[in-house]
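Look for chain A in each of the two complexes below; its partner is chain B in the first and chain C in the second.
Entry: the complex of A and B
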């Protein structure tokens, strides 16, 4: 978990997404699959810009939600990892333009 | 190179040896949802059968003016039918390939040119499949989509009844024919115009063998649910988007076109209502729809 927290995270270039009723619907065009995020995941997704690390995303979420930081780091790391596996996000050791 | 990649490459390569234009002597032109298509056919039998199938959608244009879609049909005597048991789609830039056990096809979304290759005595349904594929790609470039749905005009307004095979599209169409205009019982074409979406009939009919070249402003899409009770359940935009995308016909793995289709569907669900329609095999569902839309008309006024 510690390694992913220091990674920079960006949205994959080729995804298409819309926020519908406060929840993101994301399409990965390579397989035309639709992926849905809940409201909390959508707000985390909205803060992803390639210049923030996962840890920084956790801090932003900490300001927004009344949840322990350790819990947030675990949950957000899991979320980011899952979205990376689905080719929705990309991770890097350096900021991503 | 894996066997699969080699098979696909060989199928793509077969188009390199084909001329751009075929030797077809029989040209048939149709118009569906304002999108024109010219089919250049080799065999008189195909011409006559397709002319009958598309009779209500024929475009009487004897000129050489190019259509939006221009398909050349080719025939090949020897055919390996084992390579693609089910439809397999690929694309290289703007060229979209579909391979199935009974045909190989190529469609260029920039030029609108298509080439279709099959055995000489192929069934016209095979050619019809490629026409559907070509329309499914071209309509996205016109900001619309083809969808598995019956389209029915009631009092000038269009309603779609969508679902997979056996969902009830034909049942709903058959029940509605007496009092309404059924535009299609199988595949509808939906396209924007002046801030709203228009539903068009198509000749891509199903069991009822019924399609009309008419259209109407799309008021609502009903996703069919066979039930023991009759009611409408309004879908939020997220559910509507998922159901719409599931029922749209799209035969491409092209990221740009897929993204475009996604944007079109996102826009579409904001411009017409989406419902789950729980229905019985009688016309009682129209009462629900009439009540829903009379309430809307009242609240709008």
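Entry: the complex of A and C
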């Protein structure tokens, strides 16, 4: 888990997304699939800008939700990993423009 | 576009509940290089939105929740800034579709088009017989160019959908039309609805199929999808007239989850309603969207307000269009004879197919 926490994270090129009623809907272009995020995942997704690491996203979420940091890091790392597998996010060792 | 998924349906329901204009049809120009006989567009000669004007309109749509944008014309490819507009829309997070005849797409510009990231290309094809297609578009060689563009875009990895208007011209060519789409690796979508134009023209209505032709058309389509008949039957059952369910259901998505922008920035409830509600670059969008008197009263209407359709046995097969009703009957709540006729033929074809299997 420590390795993913230090990665910079960006939204993948060409995904389409919109937030409706506090929940994001994302379309991945390669397969035209729609994906839904719940309210908490949507707020994390909104903070992704290519210049923040996963750890920094956890810190932002820590300020917003009353959850232990260790739990947050585990949950957000899992979420980011799943979204990367679905080609919604990209991870890098350096900031992503 | 992912029209039938559960997530898509939930998204549309959320948008309907909150009256979010999730779906926009954006006419970028009314200029066209074809002269299709059934075309609803008035060839007005006004000053179109500039590139910056289109971008501003897209910004406003994004801020108000629009997710799906269909760019169309006229022929949208006639705009020299089409690549810039499509790219901007993708960067802005829209799901984008380009309606085009494909007649201006070739080896010189196809790769540039692909680079815009456009999610879907939709092209109209009116017959598998080139001369029939060309007769309808009024341009010799248009069939060949459209097919060439579809093949080219597919070869470059694009998603291409073929669309048709089923009419006297092609109702007997259903199998051949689907075979043509299959050969290209494209989905074919079509409907037999030929409407009065927004300016009231009716000359092209003589291309509508008669009753027997409609029944033959629907029967041919069911023949092609016999394996889906159980599924279709369940869909039909779920759409039968039920007052309790329908008393809360809006008639359609016009000015609820849908809107149309014309090349001059005017905002309309949908593609079929001709009454502009305001202008996207000149007026405050939120005031137009929530304050327009027609939109407000239209949003109050429910399916059960269409009294003539109560308990109609064709209801599950009907595509009720209040704009067509307004144009043909001067009343949004009276079904046109055409809607009833098409629904009857569809119902007959469906149950005939059920009996056969």
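The criterion applied here is as follows: the second predicted complex is superposed on the first by the 97 of 97 C-alpha atoms of A that agree within 3 Å, B and C clash if a C-alpha of one lies under 4 Å from a C-alpha of the other, contacts with A are read in each partner's own complex, and residues count from 1 in each chain.
Everything below uses one rule, namely that contacts are C-beta pairs under 8 Å (C-beta built on N, C-alpha and C of every residue); 3 or more make two chains touch, one makes a residue touch a chain.
For clarity, every value in this text was computed on a predicted model and none was experimentally measured.
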If we overlay the two complexes on their shared chain A, which of chain B and chain C does A:46 touch? Say first, second, both or neither.
neither
Is A:35 contacted by the first partner chain B, the second partner chain C, both or neither?
second
Under the stated touch criterion, which partner chain does A:69 make contact with: chain B (first), chain C (second), both, or neither?
neither
Residues of chain A that sit at the chain B interface in one complex and at the chain C interface in the other, please.
14, 16, 18, 20-21, 23, 25, 27, 29, 32, 34, 36
Chain A residues touching chain C - in the complex, by the definition given at the top:
13-18, 20-21, 23, 25, 27, 29, 32-36
Please output the residues of chain C touching chain A within their complex, sorted ascending.
1-2, 5, 7-8, 10-11, 14-15, 18, 20, 22, 62, 65-67, 90, 93-96, 117, 119-120, 159
Interfacial residue positions of chain B with respect to chain A in the complex
236-238, 241-242, 245, 250, 253-256, 258-259, 262-263, 266, 269
The residues of chain A that touch chain B in their complex are 14, 16, 18, 20-21, 23, 25, 27, 29-32, 34, 36
